[in-house]
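The following pair of complexes shares a single chain, chain A, combined with chain B in the former and chain C in the latter.
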Partner chain A sequence: MRRQFDSPIVLLGARLLSPYIMVFGWYVIFHGHYSPGGGFQGGALLAASILLMRVAGGRRVSRLQIREFATTPLAIIGVFIYFATGLTAMAMGGYFLDYEMLPLPGLDPPSLRYYGILIIEVGIGLAVMAILIMIFDNMVKGEDYA
Partner chain B sequence: MIWELELVICIFLALSAIVALEVKDLLVAVVMMTVFSFLMALLFVAMGAIDVGFTEAVIGAGVTGILFVVVVFQTSRKSND
Partner chain C sequence: MKALKVLILVLFAAVLIYAAGDLPYRGDPDNLMHAERSITNTQVKGSYFIQNAYRDARTPNMVTVVLGDYRSIDTFGEQVVIYTAGLIALLVLRRTRTIRRRLEE
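Entry: the complex of A and B
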């Protein structure tokens, strides 16, 4: 194990960079259905911003963002959003993930597909972010690297 | 795509792979792996697969770099048995 030291420059650089990575991740998620990117890439970007803070700032700082026990419920919520959308379309008489059958009032089928894919992408992004953070937390096992 | 640029990227790709294999310090090897995947992402984008290049840049240069650093910090160089 290497010697630990506090570097304010590293912490300041990570604090400067992390919110912009997170905003770019949300941009990628919300533009994923008509441009390159999508739920997986956006979720990985969100996870990268939070992992950057965990590596640079240690547990004392990163606990303010997302705690260790909150990652599993976030992943469950993401998977639940995905399967709830798909199974709702199935229950309304279509196939699995058949976005035209979603019971959103006042929308024509192209808009239904548009918003259906958007809901799916948000669910996938949440699940990917939570599971990547969970992998990091379980690898670190309570030790501090900052 | 300009073929001279692709040639330069391919040369740097091979160089970073050789350095990552041959270097003694494991942290340098991790950094060279991230350089490798970033150049790989550039090649994917040059070949027209923007989605694949994006995924490679995010996962290869971002997340697996951090995970490799954690693994390097948690293992010791010499075996104790």
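Entry: the complex of A and C
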């Protein structure tokens, strides 16, 4: 597809906004213990920051960020983080996803649950981000968007 | 036929409005779902979550504890649903070479 427009203003605005959206996404994930937020919302924000660069910059710029072939493995890693946390707890003698049994030394059970929730939220965020980017990449595949 | 549709809609709305009359008032602390024990004298799940969320996981946000700890298998299912939806979108939207060749013929 031919380039429809090549505006430096759009690219500059996207370059200015994208890192802040990404930082806010990580903030929403990691601050979900204290404020509204969590893995799903933070993952959507992370995907928004990357998709903004993809829409504004086109294929040439988006190649510098997450490549197209890397999205599916990232989604698998996100699901695997969640599943492995539950499986580790089960292997250490607890129930599935019983964070008290996670092998982190020097922490009492409430703190273990705290960090267990944090780990799975990161996994959810990664999976949601990768899936959203994957859907976008496959919708515009073969065309040089922007 | 159109009159029948409208009649069905009006009847359904009447049923819903009639049923809404039995709902408890919003924010009333004496509601059944706010009670600590249910009518069968067992502890209500919600009151257990409210009272013990911070003690169990040392996390001030109760919703995060319910989503990530008490109902974590449900959240795992949600994540798998999103993952499966992404894979289905990949399969549907992916442009393979054979399909393109078939379209060009």
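Some notes on this structure:
In the analysis below, the second predicted complex is superposed on the first by the 143 of 146 C-alpha atoms of A that agree within 3 Å, B and C clash if a C-alpha of one lies under 4 Å from a C-alpha of the other, contacts with A are read in each partner's own complex, and residues count from 1 in each chain.
Please note the rule applied: a residue touches a chain if its C-beta (ideal position, glycine included) is under 8 Å from a C-beta of that chain, and two chains touch if they have at least 3 such contacts.
Worth saying up front: this structure is predicted, and the values here are computed from it rather than measured.
In the superposition on chain A, A:Ile131 makes contact with chain C only, while chain B stays out of contact range.
Judged by the touch definition given at the top, the superposed model places A:Ala44 against chain B, while chain C stays out of reach. Judged by the touch definition given at the top, the superposed model places A:Ala56 against neither chain B nor chain C. In the superposition on chain A, A:Pro110 contacts chain C only, with no contact to chain B.
Residue by residue along chain A, chain B and chain C are tallied for touches, and C comes out ahead. Of the two partner chains, chain B and chain C are each touched by A:Met139.
Of the two partner chains, chain C is the only one that A:Tyr34 touches; chain B does not reach it.
Applying the stated touch rule to the two superposed structures, the overlap between the chain B and chain C interfaces on chain A comprises residues 36, 38, 40, 135, 139. Note for the complex: chain A touches chain B at residues 1-2, 28, 36-38, 40-41, 44-45, 47-48, 51-52, 55, 132, 135-136, 139-140, 143, 145. Those residues of chain A that touch chain C in the shared complex are 32-36, 38, 40, 72, 75-76, 78-79, 82-83, 86, 96-97, 99, 110-111, 113-114, 116-117, 120-121, 123-124, 127-128, 130-131, 134-135, 138-139, 141-142. Remark: chain C residues 55-61, 63-65, 67-69, 72-73, 75-76, 78-80, 82-83, 85-86, 89-90, 93-95 touch chain A in the complex. Residue ranges of chain B in contact with chain A, taken from their complex: 50-51, 54-55, 58-59, 62-63, 66-67, 69-71, 73-74.
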